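Chain lettering (A, B, C, D, E and F) follows the sequence in which the chains are written, and residue indices restart at 1 in each chain.
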């Protein structure tokens, strides 16, 4: 089953090992030192057996609460580079945000379920993890 | 190829082996005895070889008619619990609705094609079967 | 400013002054005595002056809370005909639901603001009030 | 005719005449000093007579270029508070962003056309100007 | 109330009073002599009083049938320039298509109702008539 | 990572080895000799390792430019049957268009990446390749 959630955040793409010219060349407008931002759409997919007592693979309300407490409360209306521990030294590309969210949720959810993250940075740019 | 269809239905989540308190605790608002309802979006995915004469994997019109006759005419503008045979003793969770639709269509479509069902209960809650 | 909210409900269209044949002829599948249901999308539009201190016409959070307390908590996961006082003797057509929501919210919101309701019964069928 | 465009930006809501507590109370998460961000969807609506030679009210390509040069190139992948002149002393609420965009485009487009701006801050929060 | 419908058609923008260079300059890629095409989304809006017997402004099913018989059956899967009488000598711009649809439906619908057409040529380009 | 692009084109489904009756029977309205058209939505999915220097699987801007130069510039605002070399003798069904786009892009993109194409002919009809 899949649950779609949403958060709004600022970010900047930057590799501190490169000089300003290389960062600007590689990351383009996304390297703006004053940050820019997105409405991120997040889809969390859990795969597993249907529980015959409930008819659920997993309770949508419980999954939604898990995502809220562990992801949205930490990422929503935040500056990913400055406010979120995981991106202090990790570039907050869509790919890396998806991996960080996967790692956060993977710890909270039984391995009876496969987990997959889809993250939309815009309606036209998005990533999946794991592939 | 994939075909998206749509139906509107009432349902209630309930396990008759549990008492009222347990049903209310597990199913929350979805346990309302007077029912509630949804606009279900249904995506049917058929995978197979492209027929060189038509350029089709499967004729969209034929698939759409199959879904209409076997699913929409039986589920649309219905109360799933009261009006649809398959849910007389099966909880109409999104997962179970997807499995029932899969079973209905699997009988009507040649095994030369793989079949997959995606069912949206809301824009934010949806399921896939088989996983 | 406009705020989009969402609720899921069951309903049945029926005029108790008509016989069964007339109800079936006029309301078609929507007359199913066991009810059917929808994911209703609700857009509330408030028009007024921008407050120079906040840059807001109206605080989105306050509007969202107003809608939640006065509309969603009463309509979501409900049977409109059986569970909602206003439809005990009023047919819950999209038009009437929009008018009821307008009347509920009009009492709660200062007349410094114009109010308009858009209600989607499906993605393809929707109504506005007032026109 | 209407043209939909898109930009991504960071912003912060803040009134410098208020203290930190009041700003946090009024603007909530939107007051984060490190900024957050959005994918803004912008709809520009021009109303006027149809030119019988072209069948156009206004050439979509020319309107799209006008929006790109005067709005998107200045707002996209920017920090509205720090990078955009008009918001140096104006709170970048959705309402104020819509008014600024209106004022920018109103100067570039003949008064033979009525102009209206719709700005989506999220899919669920949006504003229109003028009302 | 509003009803959304859909048709797919080919068209070409061309003014026979101009030479090839002027047509190419004004209409750009839309002047391709071999035609191109669109999925047009059509929204028909009828405004009027709510009938107290039905709770309807107008019966959605009747409106949908009216649109189907008078517009979709004539425009869908057609070449607007070659197959549709109204565009034999009228450029099938989005504006002109909206006006033609308005004129067709205006004759079929009682003047107790106001009528408005919105036509999406793409998700980002659309027109309204009358303004 | 996935990138969504868009093009508008005319096409006709036709098998020159069949007579007119068979073509009309099999392809229905899609066999209109004057063509019809669509707004095609194209999703290109590249799967591979995340580059630790950029946090990217693949640079979205480079992928978008690749799609523009090799697909959109050749397909957008064109008649697929008459203007696009690959469909001179191949029926431009959604399936075949997806395969042609796959073959075009597969040559341009390193085999370190898996490639998958999703092509929407309408919002409700779409195909994937490879399956």
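We adopt the following convention: contacts are C-beta pairs under 8 Å (C-beta built on N, C-alpha and C of every residue); 3 or more make two chains touch, one makes a residue touch a chain.
A quick map from chain label to UniProt name: A, B, C, D, E, F = 6-carboxy-5,6,7,8-tetrahydropterin synthase.
Values in this document were obtained by computation on a predicted structure and should not be read as measured data.
Undergrad: Determine the set of chains touching subunit A that also touch subunit C.
TA: Shared contacts of subunit A and subunit C: B, D.
Undergrad: In the chain contact graph, what is the shortest path length, in steps, from subunit B to subunit F?
TA: 1
Undergrad: For the pairs B-C and C-E, output the one whose chains share more C-beta pairs in contact.
TA: Between C-E and B-C, contacts are more numerous in B-C.
Undergrad: What is the distance, in whole Å, between the centres of subunit D and subunit E, each centre taken as the mean of its C-alpha atoms?
TA: From the centre of subunit D to the centre of subunit E is 29 Å.
Undergrad: Report the inter-centroid distance (CA atoms only) between subunit B and subunit E in whole Å.
TA: Measuring from centre to centre gives 34 Å for this pair.
Undergrad: What whole-Å value do you get for the distance between subunit B and subunit D if each is reduced to the mean of its CA atoms?
TA: Taking the average C-alpha coordinate of subunit B and of subunit D, the gap between them is 41 Å.
Undergrad: Considering subunit E alone, which of its residues make contact with at least two other chains?
TA: 123
Undergrad: Can you tell me, using the touch rule above, whether these chains form a line, ring, star, complete graph or other shape?
TA: If you draw each chain as a dot and join those that touch, the picture is no line, ring, star or complete graph.
Undergrad: If you go through all the chains, which pairs of them touch?
TA: Final set of chain pairs in contact is A-B, A-D, A-F, B-C, B-F, C-D, C-E, D-E, E-F.
Undergrad: Show me the residue ranges of subunit E that touch subunit C in the complex, using the header's touch definition.
TA: Residues 1-5, 45, 47-48, 50, 53-57, 59-61, 114.
Undergrad: Please name which positions on subunit B make contact with subunit C in the complex.
TA: Of all residues in subunit B, those touching subunit C are 6, 8-11, 29-30, 32, 34-39, 76-79, 82-83, 122-123.
Undergrad: Can you list the subunit E residues touching subunit D in their complex?
TA: 13, 15, 17, 26-28, 90-96, 99, 123-128, 131
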